[in-house]
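Alright, structures below, take your time with them.
Shared chain: chain A. Partners: chain B in the first complex, chain C in the second.
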Partner chain A sequence: MSDLAIEFDGVGKTYPFFTLDHIHLRVPHGQIMGLIGPNGAGKSTTIRILMGLVQQDCGEVRVLGRRMPAEQIAAKWDIGFASEDMRLYEGMTIAWHMDFIRSIYPNWDAPYAQLLLKRFGLRAEQKIKGLSHGQRVKATLLLVLARRPRLLVLDEPTTGLDPVARHEVLKELTAVMTDEGRSILFSSHNTQDVEQISDQITFIDRGRIIDSMDKEGYLDRWRRLRLEVPLGIALPALPGIIAIRQDGRLAVATANAFAPDMANAYESTGARVRSIETMTLEEIFVANVEHSREQEVGA
Partner chain B sequence: MSSSFVISQTDKRPIYLQIMEQIKQRVAVGDWTEGQVIPSIRQLAVDLQVSVITVKRAYLELEREGVIVTQQGKGSRVASKPGLGMRLQEQELEKHLEQAVRLADLLGIRPKDLQARLRETGDRRLENEMDKEGEKV
Partner chain C sequence: MNSRVIQTLILKDWRLHRTQILISLLAGVVSLALLQVKGETAFLVGSVWFFIALIVLGCMVPVSNVINERKKQNLAFLMSLPISALQYAISKMASTLGLFLMPWGVLVIAASTFVLSRGDIPKGIVPLMFILFGLPLVGFCLVAGAALVSESEGWTVAATIVSNSSYGLIWYFIIRNPAINGDLKSPVAVWSPPVLTILAEEAAAVALILGLTLYVQSRKREFV
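Moving on to the complex of A and B:
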């Protein structure tokens, strides 16, 4: 069996106003992949193709070694999928939903489901229509987690959650990973979630994958350099620097392929490097989207 | 006038301290000169996407330290003090020296040894620069 939980090869899909442009994506077993990108970037389209809900125009998709959408029925026994537009039955209780899922999936782990109820602060006898947004999200997640699927696919699992609920959900997702045969792919606008729990990051903008690599390596490539530039000296354009903002003698350069000798290169022109700072994923997100859009305008 | 003002999310210090530092740097390097009008509190808050209260706090502290002067209704200026830029640069050096002394203390390095280390560091820098000059020739 392949050591990849998810494999996209040259996958494309064209809609009247949106194109997913031949994307390649790999998620190894035992890892959490965070999918980030602005609204309308193609995150949900990617997830729908992954789940066989939308058929790609071209390219190969394999999930847990099965071709999608052709073998989706076999694949879905082992995939737990949750998204915003999944509906629970308003008039029924959480317990009813738990029984329903258990009747379909033989892997249902009843003690774990009870534990999750407690951890998420839910009561089995509650009807769906009385639940808050956060409780619905947690109930949906419970129904997916207690099946103990080998792959979890979650579209915006933390959107709209308060900090406490968000914390509970992230904790449960990382707990899943104590079993190294399990994998998670989730999309989020919340860069903090992605930064906190993912092993791999895929960055999508306008239907293209801009970057896809391990998180630590990715964060490590980015730096902000604060420079002091004497009058009359122009900063050279260095490879790996994607933006420079300057007014007067102070400048801030953003590196997406940082190398320590960049500091020497600047200093040899007479500029002074005041500090070199790491960046949060949110700062990288914004810098990256601005950069990729400038490139597009230029092209 | 403030496009290279960047607030860092990885900097653990409060935002108002980062703003203070960046204003002082502008004065220290001579971009903002004595008596020059600087962005209003509201303008800077908009540029940096932070709250007015945060910028106000930075301006108040800077006023207390004698770096800027704020006049009701007229906005803020860099204080008209000869040698202000120089003084701020010295303040920064002072800050780094204090930090070095504190670190040395933590590591159990005696003041005398720290002095020797400082001299060595200076010598090394000088050598490096002479090497570079040599390369150019």
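Moving on to the complex of A and C:
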């Protein structure tokens, strides 16, 4: 069996005003992959293709070793999918939904479902239409988690949640990963959530994957250098520096492949390095998207 | 294993819509009860209500069972289950058909039993009755097909308008057909070639619409 839970090879999909551009994506078993992108970047399209809900125009998708969409039925037995735009039946109770899912999945874990009801502060006899947005998200996650899926695919699950509900949901997702065989693909435009639980992070923008690596890799490789540049000195274009913003004598260089000798290289031109700062994932995401868009315009 | 999932989805639809079905049955039964009342007015009102109940049922079931599932964003929840797009379409067609055919069948049998048991009603009316019973079935198939294929409220409403506005016209032509109205007062049912042709045309329309719907569904590449 492949070591990969998810495998995208050159997957493309064209709509009148959007193109998913031959993307390659790999999520190993036992990993949490955060898929970060601005609104309209292609996160949901990627996930819909992954789930077999939309058929790709080109490329190959394998989920848990199954070809999608051809083998989607076999794959979906082991996938738990929840998306921000997914709704349960308003007129029915949580208990009705639990019975419905239990009647389909032989792996339904009833004691775990009861535990999740307590942890999420839900009552089985509540009707969906009487729940708050946060409670609805938690109810959906309960239905997904109690199936004990090998792969969780979550499309913006924390969107619209208050901080407490977000914390509860993320804590439960982290707890799920104590079983090393499980994998999660988690899309969001909220970098804090992704940073909190992900092992691997992929940035997507305008239908293209612009970067993908492990979380520590981003935090290690990205730096912001604050420089003081005397008049008449031009900063060289160093490899690994993706952007330089200069305002008078002060300049900020952003590195996506930081190396300590970059500071020496700038100082040798006469500039003074005032500080070298680590970047948050949000700053890395924004810088990455801006760089990608500048390259796109340049090309 | 997957036929079990399809069955579960069909049962789910039945549970969700059982109140609607009971209300339709009740409306049909009330209209049949009116037929029992002596006098031409009660018979006329009862007959009209009876057909209105069947026609409304034929429009209501596709909207609530197909369109609302998409409108209320339940489709992604269902499509996350171990089922293919075609299997979902089959389950939806089967449940929608069942949700209509069950009350339609009960009401048709009840109405036929009533007419056949009444000595004062000429049995020559029976072929016409069966032709008229078939029209809401064809109308339902048209609306359900539009709902399943387009998944759009607009197209379903358009199909409903086409279907509902056709009833009056079709009834007019059928009742004015001398081959049919000539036998209405006959003491026995006369299954003449024109009657059988119309019944066959209704059956062919049902088969054609359902077959086309399944064909188009099987070729869909996107489901949410």
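Rule of thumb we're sticking to: the second predicted complex is superposed on the first by the 299 of 299 C-alpha atoms of A that agree within 3 Å, B and C clash if a C-alpha of one lies under 4 Å from a C-alpha of the other, contacts with A are read in each partner's own complex, and residues count from 1 in each chain.
Criterion: a contact is a pair of C-beta atoms (placed from the backbone, for glycine too) under 8 Å apart; a residue touches a chain by one contact, two chains touch by 3 or more.
A quick note: this is a predicted structure, and the numbers were derived from the prediction, not measured.
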*After aligning the two structures on chain A, examine chain B and chain C and state clash or fit.*
fit
*Which of chain B and chain C A:224 touches, first, second, both or neither*: first
*Return the chain, chain B or chain C, that is in touch with more residues of chain A.*
C
*Could you tell me if A:131 is touching chain B, chain C, both of them or neither one (first, second, both, neither)?*
neither
_On the A-aligned overlay, A:283 touches which partner chain: chain B = first, chain C = second, or both, or neither?_
first
*Check whether A:235 is in contact with chain B, with chain C, with both or with neither, and answer first, second, both or neither.*
neither
*Of the partners chain B and chain C, which touch A:100 in the superposed model: first, second, both, neither?*
second
_Going by the contact rule set out at the top, does A:252 touch chain B (first), chain C (second), both, or neither?_
first
*Based on the superposed arrangement, let me know which partner A:268 touches: chain B (first), chain C (second), both, or neither?*
first
*Could you look at A:122 and tell me whether it touches chain B, chain C, both or neither (first, second, both, neither)?*
neither
*In the superposed model, how near does chain B get to chain C, counting Cα atoms only, in Å?*
37
_From the superposed pair, tell me which chain A residues show up as contacts to chain B and also as contacts to chain C._
none
*asked:* Residue numbers of chain C touching chain A in their complex, please.
replied: 2, 4-5, 8, 12, 16, 72-74, 76-77, 79-85, 87, 221-224
_Residues on chain A engaged by chain C in the complex (per definition of touch)_ = 48, 51-55, 69, 72-74, 76-77, 79-83, 85-92, 100, 103-104, 140, 144
*Residue numbers on chain B that touch chain A, as the complex places them*: 1-4, 6, 8-11, 22, 25-26, 29-32, 132
*Of chain A, residues touching chain B in the complex*: 224, 226, 228, 245-252, 268, 274, 277-280, 282-283
